Amino acid sequence: MNMPVDMSTTLGNAWFPTPIFTASGCASSGKELSQFFPLKDVGAIVTKSVMSKPRHGRPTPRMAETPSGMLNSIGLQGPGIDSFLANDVPWLLEQKARVVVSIAGETIEEYATLARKLRSVSGISAVEVNISCPNVENRGLVFACDPDASRRVIDGVRKTIGGELPIIAKLSPDVTNLPEIARGVVDAGADALALINTVLGMVINVDTMKPHLGGKTGGLSGPAIKPVAVRAIYQVHAALPEVPILGMGGVSSGRDAFELILAGASAVSVGTASFGNPSALVKIQEELREILSAKGFATLKQAVGYAHREENA
Amino acid sequence: MNMPVDMSTTLGNAWFPTPIFTASGCASSGKELSQFFPLKDVGAIVTKSVMSKPRHGRPTPRMAETPSGMLNSIGLQGPGIDSFLANDVPWLLEQKARVVVSIAGETIEEYATLARKLRSVSGISAVEVNISCPNVENRGLVFACDPDASRRVIDGVRKTIGGELPIIAKLSPDVTNLPEIARGVVDAGADALALINTVLGMVINVDTMKPHLGGKTGGLSGPAIKPVAVRAIYQVHAALPEVPILGMGGVSSGRDAFELILAGASAVSVGTASFGNPSALVKIQEELREILSAKGFATLKQAVGYAHREENA
Amino acid sequence: MAQEVMGTINKNAVQQNATVISNKRVGSYHQILLNVGDVVKQCRPGNFVAIAVGGDSSKMILRRAFAISRVSENSQYGGSMELIVAPHGSGSKWLCGLPEGSEIDIVAPLGTAFGIPTEPINALLIGGGYGSAPLFGLADVLKTRNCKVDMLLGASVGAKIYAPLEGKRSVNSLKIYTEDGSMGEKGRVTESLLEIVANRSIDVIYSCGPMGMLRAITELVSSTDVIHQCAVEESMACGIGICMTCVLPVVNQDGQVSMVRSCIDGPVMDGSTVKWDLVGQVPEVHS
Amino acid sequence: MAQEVMGTINKNAVQQNATVISNKRVGSYHQILLNVGDVVKQCRPGNFVAIAVGGDSSKMILRRAFAISRVSENSQYGGSMELIVAPHGSGSKWLCGLPEGSEIDIVAPLGTAFGIPTEPINALLIGGGYGSAPLFGLADVLKTRNCKVDMLLGASVGAKIYAPLEGKRSVNSLKIYTEDGSMGEKGRVTESLLEIVANRSIDVIYSCGPMGMLRAITELVSSTDVIHQCAVEESMACGIGICMTCVLPVVNQDGQVSMVRSCIDGPVMDGSTVKWDLVGQVPEVHS
């Protein structure tokens, strides 16, 4: 069996030739990976979450390997939105890559400011709003853990950015009721959802007998969290079947990507897998194409959410 | 270095010679493991959560292996409290094992009923209250995900059982604010906390293209979730330093157990590791003893929460 | 017919290292010979072994179960155990790739064994795919009890028929079926089962293979007096009775269905007690 | 002194398989020789290789970084690369246990290289533990430029001094220090560093070893004109610049500190630009 498969997908009004994207924070701004494959060959480059000002991030150590996973605590180190828009976006567009810009803020106002700067940039496919950041105006409570704050961030971005650019709200799995948060941000104007950000974790260094990471806690990513990602995507797709999902969490093979797609993802970001294998994205993309073809799907879209079908029921 | 180490620990007024326990649901009622080591050699046998009536549990498949972990959806299959108290407890006491009985219910009333039956049984060291069960009186919302329901379960058990038997409330990590839930159950009368129950996950079978487990979702356990367990224990110990914690989640070596202890656990349950290695508990216990000795701890208790210490601060 | 009953659960089981003596491809399978020492004395046909896979830094945390195909007490290596392994997923493929001399961690013997009759009976052994593995060892034992032993083996294709030359010597007759007709007769082992049972006056059927085959055999012989001992294969997380993942719905004496652990109350079970139609479902709650 | 500057990031890096030619214990380390083919032509002293560890079903998802000790274009195996590996945790132990003939997955060459002077200078090479590995390859290159090459090696114990016979031939002098005095002089490489620098008119120090050693050297020579090129070792998740875990505080031309990725802007850095006292902290936010 080797049927050609239409791999194209959409998130809101943005079209992508294939559903395999980088994950924010796991591809920097793309340059580093371009040594290993042409960036235009994959669905999109989702850039590292950028804030309004340059940031140093968290102290080192910033990572710990864990069984089938890793913790990171980067703390959103980055050049700030102005430098990013001046240097990184034009370069990516030159490569003919699709660009999804991820933004992060410490206040609702900061998100809106970032959105305002993005509005004037042409060539960007979508904006991913990373709301897994501590809200400095509310005791550092992560936006994504607070239904109201999540909604207000997206509302602010939507109002600022207008109707053109699709908004993908990126949610944290560390909540009691994920569908509730999802519904809130969709009501506030998100066109799509990105699921999942990392799971909060910690490693204690048994030599120093203290938390290993400079930031103490960190985000767990990699294959270890794949079952959590599949569950989150399945739950949210069941609750909001019309809302496209950019799925992610532990994907390192075409089978993994297929699993997330069956659960309800319209596209799949690959994060940690690129650390172990710089050409992971193209490998995953080819494997996915073969699986879809072998399973008899003529288009990727037919497979999205297929695990939810009711047979003879 | 081979200093002898005092491994004894306490949870509420219950004393245990060593801090390594089985995890509920991962040792049945002990008999099966007794082929591999004398049950009295470990800290305690925490029995599979028992309900008031016999239960068939969930349909098969009930398990899926995942990277460095597994999902289970057993659905609390068991003989019911009467048969359990008549057959299993006496046998365990005959083995001179310390027994922690885990109970589970579908209503607040069922927990109280179970507690009433336990009150009259002598020889039990403590009761672990597994509140990660769907509350049939509230749309199946898991008790442990609802601060109010959690509190009311523990309150009911406390009032029924009186002051003698220590109550260990077992919490789910699938919540936005774990310290809040912990504080609630402690206020309601829990003497100790068990952290963590499994993390909700799902695997989709790429052959059938449907959720693999009969129960669709399942609980993720094993090394994959260890960083989540360490974080949960650390957070709760920071918030409630006086409350003893029975830690668990992915422990498969003495180093792992030590990590949980440094984070704040007074004792450590070993679950999934016994599936891969029937004598995991004794191995872990010996490794822990050696590590404590090598690090210069004369007693286990000195190491509990040691990662929280402030040096020259 | 007396069936051996185990006193306490897995009372002969030990956890120990084993050395790979040889690892050969045989058709679609690998025949793996392990040096295991004295534990072979405790292994009975039907028992299985649980093997840790993937090495020290493996992401596979659960053991894999394999039927003990046969054991030998006085091979040149001391006690040795043979397994027939299909390279299915990552764990079994890892095993099939082990070079001679590798050390692995095993727990054995586990589970129930086929009941061995005390009188000479007519036995029919039915194997599906690698399910034939434990049947040759069983045939040897049945022969020592002067039983007549006929055997039917089935598989999708010829490469999935495991029927070693030596093994054939212990059976009075051997008939092979393949679904594509590439070996033996085209069709399934159940094709003319009732005729065979009648013609050869079969007293007991011993079977091992896919659940669908076991179910079909049970249903076919339900109208006869034939006893059907089948070795089931459910997904197992622990293999030693502590996790409750491997359950099957089984009818007990009072007609009530309960979910029974196939790792300790099986793998060998009385086929007529298994509620095959309920496998993968939950029986009505009793009491 | 001209320093080679890379055009785009890791522009010579490739991901490919490599075969283990040999794996020998040398003191506390393993000397691992890999058959890697043509990529050796792109490897410069100071570059590192990132290796996938644990095999197909490994729970270790990240590569491990190792300095390329030396390469040979025309060994009997074609291009070969030598690594000196300390069996530290599970990944490096797995590597040290690989039998000859094993295939591994590598990405190389990565990171910056030691700057090679265009004129003959007086170079002092300082290695701590396995940090000496890349220095012998460097010494070879410096010799071809007619530099005078002195070397200081230090370690806690003699078994952790890596100083191969052939290597010693490329240096004009070699002095060894151990903390327990079990080999060479008792003490640390920094013991009489300033004297050595002065007496031998050292122009450039090339160093590789624990961060503490690199910091101590930087501080000692800060009052001199000596250039200090050091190869740093920070925990790396990706090794190719995409994760931001491996950062070090570095001062730029305008005196501002930024967190620089040691995998692509290192491992070889100008020691005087690293804010050693801020390692493990976050600098004040600028702007």
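Note that the chains take the letters A, B, C and D in the order they are written out, and that residue 1 is the start of every chain.
Everything below uses one rule, namely that a contact is a pair of C-beta atoms (placed from the backbone, for glycine too) under 8 Å apart; a residue touches a chain by one contact, two chains touch by 3 or more.
Which protein is which chain? UniProt says A, B, C, D = Unannotated protein.
If you're wondering where the values come from, they're calculated on a predicted model, not measured in any experiment.
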{"item": "Set of chains whose contacts include both subunit C (Unannotated protein) and subunit A (Unannotated protein)", "value": "B, D"}
{"item": "Pair in A-C, B-D or A-D that repeats B-C, with over half of contact pairs matching by residue number", "value": "A-D"}
{"item": "Pair of chains joined by more contacts [C-beta pairs], A-D or B-D", "value": "A-D"}
{"item": "Remotest chain, subunit D (Unannotated protein) as reference, centres from CA atoms", "value": "C"}
{"item": "Gap in Å, rounded to a whole number, between the CA centres of subunit D (Unannotated protein) and subunit B (Unannotated protein)", "value": "47"}
{"item": "Distance from subunit D (Unannotated protein) to subunit A (Unannotated protein) - Cα centre to Cα centre, in angstrom", "value": "35"}
{"item": "Approximate Å spacing (C-alpha centroids) for the pair subunit C (Unannotated protein), subunit D (Unannotated protein)", "value": "56"}
{"item": "Whole-Å gap separating subunit A (Unannotated protein) and subunit B (Unannotated protein), where each centre is the average of the chain's CA atoms", "value": "34"}
{"item": "Two or more partner chains touched - positions in subunit A (Unannotated protein)", "value": "67-69, 222-223"}
{"item": "Overlap residues in subunit C (Unannotated protein), where contacts from two or more other chains coincide", "value": "59-60"}
{"item": "Category of the chain touch graph - line, ring, star, complete, other", "value": "complete"}
{"item": "Residue ranges of subunit B (Unannotated protein) touching subunit A (Unannotated protein) (in the complex, touch as defined)", "value": "64, 66-69, 71, 145, 174-177, 199-204, 206, 209-211, 216-218, 220, 222-228, 230-231, 234, 250, 255, 258-259, 262-263, 291, 295, 306-307"}
{"item": "Touching residues (chain side subunit C (Unannotated protein), partner subunit D (Unannotated protein)) in the complex", "value": "53-60, 90-91, 94"}
{"item": "Complex contact set, residues of subunit A (Unannotated protein) against subunit C (Unannotated protein)", "value": "67-68, 223"}
{"item": "For the subunit C (Unannotated protein) and subunit B (Unannotated protein) complex, residues of the former touching the latter", "value": "8-11, 13, 15, 52, 59-63, 105, 107, 234-235, 237-248, 258-259, 264, 279-283, 285-287"}
{"item": "Subunit A (Unannotated protein)-facing residues of subunit C (Unannotated protein), complex", "value": "59"}
